[in-house]
Amino acid sequence: MLHTVNKSPFERNALASCLAHATDGAAILLIEDAVYGATKGTSVAAKVEAAAAKCKVFVLGPDLAARGMSEDKLIDGITVVDYEGFVDLTVEHSVVQAWL
Amino acid sequence: MLHTVNKSPFERNALASCLAHATDGAAILLIEDAVYGATKGTSVAAKVEAAAAKCKVFVLGPDLAARGMSEDKLIDGITVVDYEGFVDLTVEHSVVQAWL
Amino acid sequence: MKFGILVNEGPYNHQAVDSAYQFAKAAIAKGHTVSRVFFYYDGVHNANKLLEAPQDERQIGKLWAEMAKEHGVDLVVCVAAGLRRGLKEETLAEGFRISGLGQLIEVGIQADRMMTFGD
Amino acid sequence: MKFGILVNEGPYNHQAVDSAYQFAKAAIAKGHTVSRVFFYYDGVHNANKLLEAPQDERQIGKLWAEMAKEHGVDLVVCVAAGLRRGLKEETLAEGFRISGLGQLIEVGIQADRMMTFGD
Amino acid sequence: MSEVMDLPGDDEEYASGVVKKFMFVNRKAPHGSIYALEVLEMVLISAAFDQDVHLAFIDDGMYQIVKGQDPTGINQKNFSKTFRALDGYDIEKLYVEREGMEERGLTEDDFLVDVEVISQAEMAELMNGMDVVLSA
Amino acid sequence: MSEVMDLPGDDEEYASGVVKKFMFVNRKAPHGSIYALEVLEMVLISAAFDQDVHLAFIDDGMYQIVKGQDPTGINQKNFSKTFRALDGYDIEKLYVEREGMEERGLTEDDFLVDVEVISQAEMAELMNGMDVVLSA
């Protein structure tokens, strides 16, 4: 299962709910305002770090760049992908669930 | 100051942010999906109870009824108003701030 | 008392529109004046004359237009927000007018209370 | 691989629309097929032929229509959601068609992957 | 909700014999936005396609099936009654998450339809077994 | 953003001499939705009315003024640069809340404009002193 999340973790519960439902080995892709959740030193970083230990966490590069979040601020273990990488993830996982 | 909040406290941070910015004696009116925050026995009830002790907390009756939240489930100290009561609150307070 | 109202969302998708209308209606019923309702962001869709909700549902566009007619409420749609979203004179419902964002600031200055309804 | 895409929001107001478009474009670039994009909820506003964003901004409606033309993507607007929001044949942009919600379920059955973009 | 019952145009297609596991994930409260209502229209249409339909109510989505909703005072329709009609369309797999109920102080008695209350872990497993997941 | 500079139609009205304390409260992140951009258009227009304009950046709103935004990859415009032009319109009262910065791991160096960093309690007091508060 590939989970996509597009909401800021500071504003909404979408990421928290996604993390609570992602099983071991699932893939999670942070896009749009959810990319703020991929950065170090925030109040939600510990939760995302824990998720990155049991799931594969990805973040969409163009959305990071749009928001001025540089890749060196990313939580360890998170992989940056572009839109083509996003497509590859949906090919590798048979079902995609969007957390809006 | 009258603060209005229209978002569910389980989904978004609007109510939490409002409560953090409401000063002693301010009025807070919960409308639309924010009315869920006015009910007893939820994970946010303690925060709302604390707010009701230092601010005047109101809830919009038609929005409660729409959602099947009966008035006997309300947190103590919260007052139910209708749309005319909503108007009265805006007359009594010279500024209205919407937390969306 | 004179009220200005800012509506940030489109009809049906968000209750914000309904809350704004019910508030305005109650204010008028209590003898207050609603000077202007300003439709911004997706709020511009309230002014679309093609709105056609199922017959047993509320007809939001018509409700606004009736309020404007009966109580002299000035219904203003933001021109720039409307262009971006395809709301122009050719689809503008009766009772609404298109103008600039200055109309919002103006009513903020002139009204006794400024209300915002949005998502 | 065949993709179906559900778009829940209108143009400009939410990035969801742009994400859906960029995803579809990348999928096509990689040799996949986007069978159908279904516009539901406020997503119906993507099909409004009157959309006119500032010239230096992306023209979302045109981008969809070009994709449909060049790559045979079926752009379907939900009839019921469109009526509620004033999106009808008279304002439908070229490249889009109006049909029922069944078209969404159908592509969900036929496509290898079903994607949702929304708010 | 008469308009939701319009049948789609292409009869041959949905008589294809393919049966997928569909899940409609409801995470949003009713009335404050239209998502709950329009997802329900989607669910009703799906019945015409003979798919294996599942409804999940998590987060604020479970408020959609709370008893006693009366939106006349906000000028909206009480579409919650339509959930009671779902079994007439052979849509009977409704799941509510226990953790979300506890967070909201809700019990099974608060719901207007029969649902299966499952844990978050069970919900996660159920989601993993689906072919198509639609959310709003 | 040329269209935002169209002047409103009614010159006499806004030369009324009334000066109110306006606050634009920014709570939403940029790019994911249009609110940040369209609030900024509102702010620019307000400059023509000679009001006492305040901008508050709380919650995710402070992401609007983060340095280094480059939305070309998502096909959007970099309107964050416009914040730098605000002082040319005599809009210079920009406030960011310290607690929100800490929650997001942001420091004053991360912002592309000069702002006054204040505490949540100070922000609450500032809000209390306004005449008109607009939010999105």
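Think of it as A, B, C, D, E and F in the order they're written, each chain with its own count starting at 1.
Throughout what follows, contacts are C-beta pairs under 8 Å (C-beta built on N, C-alpha and C of every residue); 3 or more make two chains touch, one makes a residue touch a chain.
From a predicted model like this one, the values you see are computed outputs, not experimental measurements.
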Those chains which touch subunit E and also touch subunit C: B, D
Comparing centres built from CA atoms, which chain ends up most distant from subunit B? D
The chain whose C-alpha centroid lies farthest from that of subunit E is chain F
Considering D-F alongside C-F, which chain pair is linked by more C-beta pairs in contact? C-F
Rounded to the nearest Å, the gap between Cα centres of subunit B and subunit E is 28
Averaging over Cα atoms per chain, report the distance between subunit A and subunit B in Å. 33
How many angstrom lie between the CA centroids of subunit A and subunit D, rounded to a whole number? 24
Roughly how far is subunit B from subunit D, going centre to centre by Cα mean, in whole Å? 38
Multi-partner residues of subunit C (each touching 2 or more other chains): 8, 12-13, 15, 19, 22, 41, 54, 83, 114, 116, 118-119
Residue numbers in subunit F touching two or more further chains are 3, 27, 31-34, 59, 74, 76, 132-133, 135-136
Could you list the positions in subunit A whose residues touch two or more of the other chains? 6, 10-11, 13, 32-33, 62, 82, 94-96, 98, 100
Please categorise the chain-chain contact pattern as a line, ring, star, complete graph or other. other
One finds touching chains in the pairs A-B, A-D, A-E, A-F, B-C, B-E, B-F, C-D, C-E, C-F, D-E, D-F
If you look only at subunit F, which of its residues touch subunit B in the complex? 25, 27, 58-59, 99, 120, 123-125, 127-128, 130-133, 135-136
Over in the complex, which subunit E residues touch subunit B? Could you list them? 27-33, 59-60, 63, 66-74, 76, 80, 102-105
Subunit A - residues contacting subunit D, complex: 6, 31-33, 62, 82-84, 86-88, 90-91, 94-96, 98, 100
Considering the complex alone, what residue numbers of subunit C touch subunit F? 6, 8, 40-41, 79-81, 83, 99-106, 108-110, 114, 116, 118
Spell out the part of subunit D that touches subunit F in their complex, as residue ranges. 12-15, 18-19, 22, 54, 56-58, 119
